[in-house]
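What follows is a set of structures for review.
You will see chain A twice below: alongside chain B first, and alongside chain C after that.
And then the complex of A and B:
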């Protein structure tokens, strides 16, 4: 069942890749069919999920390479399920929004499906080496997707992306090798590793390596420089996937492996992580204000919004961890919507320059529906109540404030700045008088509206019915944050020195006295 | 008669049947060429390939042989040698596939070329099992001299001549250094030539540390030349650039595998007590090879030179297994060499195909190739990405095995350097892939624009196609299905008596030394040793 999420797109991709020349036109429809099948499968898996239970509710395990400790062990729990859903959903949207007049369609759709398979595999993997394998698998398809179908400077952006992500992968691998070797575990299986106890000092070193690896992927300031380039050069569907799903691999890794494998070190480093989150959020927001390219604005806002996840993860209260997952979902949907609409604006007007565009909201000759949807997306991103962004950001701050008040307040300022840069953008691009140059815009066909409308409906629904957003992961993340009951029941020898006798580690959060 | 049967037991000639088959094939090719002339030359390469495959099949029957020593102890047919002999024979078989068209198009005599290549293979196979200094040297020279001949095979091409001369001079010098090291070893061990006896002889010598260290360094220098480890690599780029491409393929795979086989056997069996020293030397070689090989490859504009430097870097990765000096380390070396065989030969097949069709091997000339030759693009891309260690291709798993073995042996620095080096290597491999796959039709190079129609039915093209597809399939699948292959590599190390007895010998001697030091507190020197 779970393997189907990986193997259907792989096999579909291979079939599409080897379609004969006459059938090349059909590759899009075929990809759509495969995408729908994957989404249907995801929904079927979701139906079996009981939100009250933590732990894996579906799993598959085969031995693979025993000498390496690499097993083909897939599983899905409340943390992975929403992300898998987002992946399948956005893959379908990306296929749908891809231009019908693409060059080399077979190669394109095959790569898109490989990308989806790799991402699903990474979310499903319950063996850290398997996770690493899938984490690296998506590298080459994405590289080609940017390098072949991207903008003018695509070669540079694609290579930059490739090298940054390859370094990220190397760091993650080093950390995984380190934990297995230091604990002397017999395999790379996640649950085996989770039951191991490491001395605090080695936990800290390994966690720092892991953090650096994922920080490149997410990305956090100062490792973010590849992201704006990649977004600007990538075509719209690829930007949607990159912001909506691929960046989540990093934050998923933080939650699953950072907190899951190194709980003590995470606890110790948490205050610094919170400060880092605040810096990254403020940097992203301020940088977004200065941007002239609409896509760059959205890209920098993405950096700012991903930082909230780090803040929530650092606080590591049950509420804030649920919030982290909720923020991943809502950011996935919102940034996908924003990139879609910015892509339409860019396609219709031929530019994404904030200084040139004016008055596009003009109801007769402009792009009124696109404009309205974009305003909705921007409102969601800025955390206006009634939309998914509000819910997730609110619980992020609500969950983290008690632990890191200052960092949370700084992040709140970042949210305020979201309104600033997006309103600046909206104000310039959509209001005012439509200049003559843009007065004869081609009509936007309905097919361009559909995905954006679907996303918008989803964003509003989740905003009005927040339970659907957080219910998935609540139980699972609660068990993840349970340092005191589970993992520290046998108080670790190394971390004992930090604790007063009889005190749980939650109470010992030393920075609280500051 | 007892003496005779005992003697034939010791001789145990049956063990070298696989080599015997290669010799028979070699003779068949030579005589067939003489008698039947040009007419029959078409079929000779296939006879050679059939002979090599037969030899590989016969190797299978000696797996776990009861008495793995032959020729009075100078040749060892243990599982370690079997797997290396298989790798060498297989690499020659694939190389012959790619050389048929190449040699014909460049106007050489094919059957002579194949005869020389089979001789080199014979040398390599004997080297993989050689257990005695004279045997090692003879096998090494058989391999080397035939390699010199092959590099100069395009005698009208001045670059080929230059390559042959350079290779000959540097090769002869390194052989001499190796021979000098052997002579020191012979003297130090009290006149022993068989490797395990040398180890015992060395252990009994007192005060010979300096001399044995010199012998060790000299012999490693000779090996490092064969596996083109930095700083003994200077010949590589020039020789690779000038020689016929199939020869380069053989040098970078078959000849290297033979070098690694020699390295494992010689160092582990003859120098068990000097393990810290040779591990140190190999650490240095590995570091330098990984850094220099990968860094210089970044700047190359010719595909052949790119592969030359990349093969230096790849040898650096393999040496991590050598430095680990554990069973897992050797096993992952063997596994990596196995997959390296396919991915590197696949890359060379692609390179030969391209240069046969266009007459150039500049990387920029590959621009837009996907339009004209999808199969070549696919094969070459997959092989290059696999060399760069991209999952789920074979090279990724090979590297993971190596890095994991190194990490388990505590070589953090080396493994991290290896990780960094593979990131760097992705950059230059992807550059070529980008040229072929990413470039738009309007950015196509003139060469590709005038690319001849792809015709596989020309004489000699079919084998190239077979070689390419075969490498492509193995490179794609060998990693995912690596369990049997790695188990094979692991068992070969496990079942090899020589490695086991060497490690027990090391333990015993250290234990003895400890006893000595406990009994005599005035003997700290031995403890240090």
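And then the complex of A and C:
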């Protein structure tokens, strides 16, 4: 069942890749069919999920290279399920929004499906070596997707992306190998590794290596410079996938492996991680204000919003960990929506420069519906209530405030700045008088609005009914945060005592904890 | 039937929302054949239903104990977020105010916006506005109120930006959103902190919590200050006051809503939060200081304005300042009364102002004059509204101030002086505007000025009647929070010696406003001292420049610095490493000469370096 999520797209991709020349036109329709099948499969898996039960609710295991400790061990739990859903959903949207007049369509759609397979595999893998394999495999199609169908400077961006993320992979692998060597564990299976006990000093070193690896992927300041370049050069569907799903591999790794495998070291480093999150959030927001390319604005906003996940993970309260997953989902949907719409603006006007564009909200000759949807997306990103962004950020802050009050307040300032850069963008691009240069824009057909409208409806629905956002992962993250309280007491006596559910913070410990 | 109506009170805010949603086909131009007017009719209908429903519930629950409706919105880990609504005389009174003002504004707006091509979008936004406002009126949960305040911020942005092709509108919408957002974010910090104390976020729970709360003084102060920041932004109080002035770029019906009930909603949330302010005396003092500074500053600034709407919007800030002082003193009953009277008076005055603007196509009061005989309803609206605000005739504010003064055993001297000053300044301003607009010779722009059409005139007449009867509202329905005493009788109010002083201050204001020289050609004084004073007041005490060179500059510099750091330092280092690798690879290829001695030397040097490194490391 789970393997299907990996192998349907792989087989589909191969079929599309080997379509005869005269059928090349059909590759898009075929890819759409396969994407729909994957999404249907994901939904079918989701239906079997019981939110009250922790642990894997579906798993598959075959031995593969036992000498290496590598098993083909897939499983899905409440942490991975929403991310897999986002992956399948955004893959379908990416296929749908891909241009109908692509060069080499067979190769393109095949790569897109391979990408989906690699990502799904990484979320499903229950063997860390298998995770690493998928984590690396997914780079190859993405590299080609940027390098072949990207913008003018695509070579530079694609190479930069590949180098950065390959280093990220190497660091992650080093950390995984380190655990096995130091503990002498018999396999790379996640459950086996979780039960190993490591001395604190080696935990810290391995965690630092792992953090550096995932920090490149997510990315956090100062490892982020590949992201804006990659987004600017990538075509719209690729940007949607990159921001919506692929970055989440990093935060997923933080939760699953960072907290899961090195709980003691995580607790020790948590205060520094919280500061890092605040710096990253503020940096991303401030840098976004100065950007002139709409896609760069959204890319830097992505850096700022991913930092909230680090804050929530650092706090590691049951609430904040659930919030981290909720923030991943809502950021996935919102940034996908933003990239989609910015892509439409770029396609119709031929530029994404905020200094050139003006007055696009014009009802007769502009892009009024795209503009209205973009205002909705921007407001969701800025955390206006009634949309998914607000509630996930609210529980991130609420869950982290009792542990790291100052870092949380700084991140809140970052939320305030979100409104600044996005509003400046909207004001420049959509308000004002439509200049003559843009007064004959091609009409946007209704079919181009469909994916954005679907995303917008999802964002609003989840914002009004947040239970559907958090119910997935609540039990699972609660078990993640179930640290061994005795070791915690030794590691960080002051702040951990604050973490008991329902207990209010004591005054005197506010500042000490940071 | 009655029971059903009461049980579905929660649905009242949704009428506005449904109305807004139903305008979408017209706003998105899916239906073009009918023109946009059906969208307006749908909204009017929904607003009327909301008004009827609210009124019926008000009558049905009168004299009954308050009820609360609670929903568990989100229950995750140790957090239980509940949304609550309250059915009490106060909340239903507020709801009645919101729905009635919305209803008359929508009728008025149909006349005002008649020729606008995006009438449907306007009514959609107004419906959204009404939904958020009626939600705040009923809300009994800080989280819900916070969310709705944010939605108000959003709809203010969209309504101020309604005519988005004009440059002034663009900056006005941006400033309105960002200024309010500053307040909202600080309020959110307060909400997060409060929730972290383990307090449920309904106002009832907060009230219970404050009775036993044991907070360190400074954290109680910080919490209180964070919580007042939201209302400060929403009520256009110093230092977040400038947006209201700029927001006057919006269509007049939207300005009307903003000056009457939107500012009121902010103060309403402030009143609901008052138990927390009791925890810290500093917060109450800050509240009063904000109110005092805003009231006096805005009153002076209003006098120097020549824009019709701005002269009145600064007066809104000033009266909301009075409300802040009242809340700081713990006089919630007076605060509520002030809000009610002010909302009705401002509704009426902005209707009058809107009519003038529509008829003359102008907002500059130095270009007007002689309108009294041409636009009688508009003139009467202005007079009734203004006399409701100024303590002079026995209309609205006369009785509110009387109540306030009567309730003190010994009135603080500063408060009396403050109220006298505000009253006199307000009287000067309103008389000045009246003289310029309605009296004197007709000017080119006002020479052919017919009275407005009936959709605008009818609601004006209706509100005139309401404003005249307004003093009776608090006597008929005592909209108190429990335990603040009952209303003083008319005789008790009239016996207060301070009332004579207040009326005198009103008379002095009217005489001053009626006699100061206002030559129309003399828009800017020649003498540099008075010129400086006028400019100082007319440009809002140069506050905008102060912000430009402080907060805005700081953010701008920080963002430039970040972008520079990003581009030249971080990315520069990355590119340097890349370049270094390529360059060394390129140069190494020239060293491949085939001479074995050279290779040996390279290996030796490399090995020695490695050895040194390892020795160093091991120590």
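Basically, the second predicted complex is superposed on the first by the 483 of 514 C-alpha atoms of A that agree within 3 Å, B and C clash if a C-alpha of one lies under 4 Å from a C-alpha of the other, contacts with A are read in each partner's own complex, and residues count from 1 in each chain.
Just so it is clear, a contact is a pair of C-beta atoms (placed from the backbone, for glycine too) under 8 Å apart; a residue touches a chain by one contact, two chains touch by 3 or more.
Just so it is clear, the structure is predicted and the values come from calculations on it, not from any experiment.
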Looking at the combined model built on chain A, do chain B and chain C fit side by side or clash? fit
Between chain B (first) and chain C (second), which does A:129 come into contact with in this model arrangement: first, second, both, or neither? first
For A:272, using the defined touch cut-off, is the partner it touches chain B, chain C, both, or neither? Pick first, second, both or neither. neither
A:167 contacts which: chain B (first), chain C (second), both, neither? first
Nearest 10 degrees is fine: what angle do the Cα centroids of chain B and chain C make about that of chain A? 160
After the superposition on A, what does A:470 contact: first (chain B), second (chain C), both or neither? second
So in the superposed three-chain picture, is A:7 touching just chain B, just chain C, both, or none of them (first/second/both/neither)? neither
Could you say whether A:419 touches chain B, chain C, both of them, or neither, answering first, second, both or neither? second
Compare chain B and chain C by how many residues of chain A each one touches, and report the one with more. C
Give, as a whole number of angstrom, the minimum Cα separation of chain B and chain C in the superposed three-chain arrangement. 5
Contact residues common to both interfaces of chain A (with chain B and with chain C): 163
Name, in rising order, each residue of chain A that touches chain B in their complex. 64-68, 70, 103, 129, 133-134, 136-137, 139-140, 143-144, 147-148, 155, 158-159, 162-163, 166-167, 170, 173-174, 177-178, 181
How about chain B: which of its residues touch chain A in the complex? 328, 331, 385, 390-392, 396-397, 400-401, 403-404, 407-408, 415-416, 419-420, 422-423, 426-427, 430, 434, 437-438, 440, 482-483, 486-487, 490
Which chain C residues qualify as touching chain A in the complex? 28-29, 73-79, 117-118, 146-148, 150-151, 153-154, 157-158, 161, 164-165, 167, 169-171, 173-174, 177-178, 181-182, 185, 188-189, 192-193, 195-198, 215-216, 219, 555-556, 558-563, 566, 570-571, 574, 578
Chain C partner, complex, touching residues on chain A are 160, 163, 222, 224-225, 283, 286-291, 317-319, 322, 359, 361-363, 368-369, 375, 379, 382, 384-386, 390-391, 394-395, 397-399, 401-402, 405, 408-409, 412-413, 415-417, 419-420, 423-424, 427, 430-434, 466-467, 470, 474, 478, 501-505, 507, 510
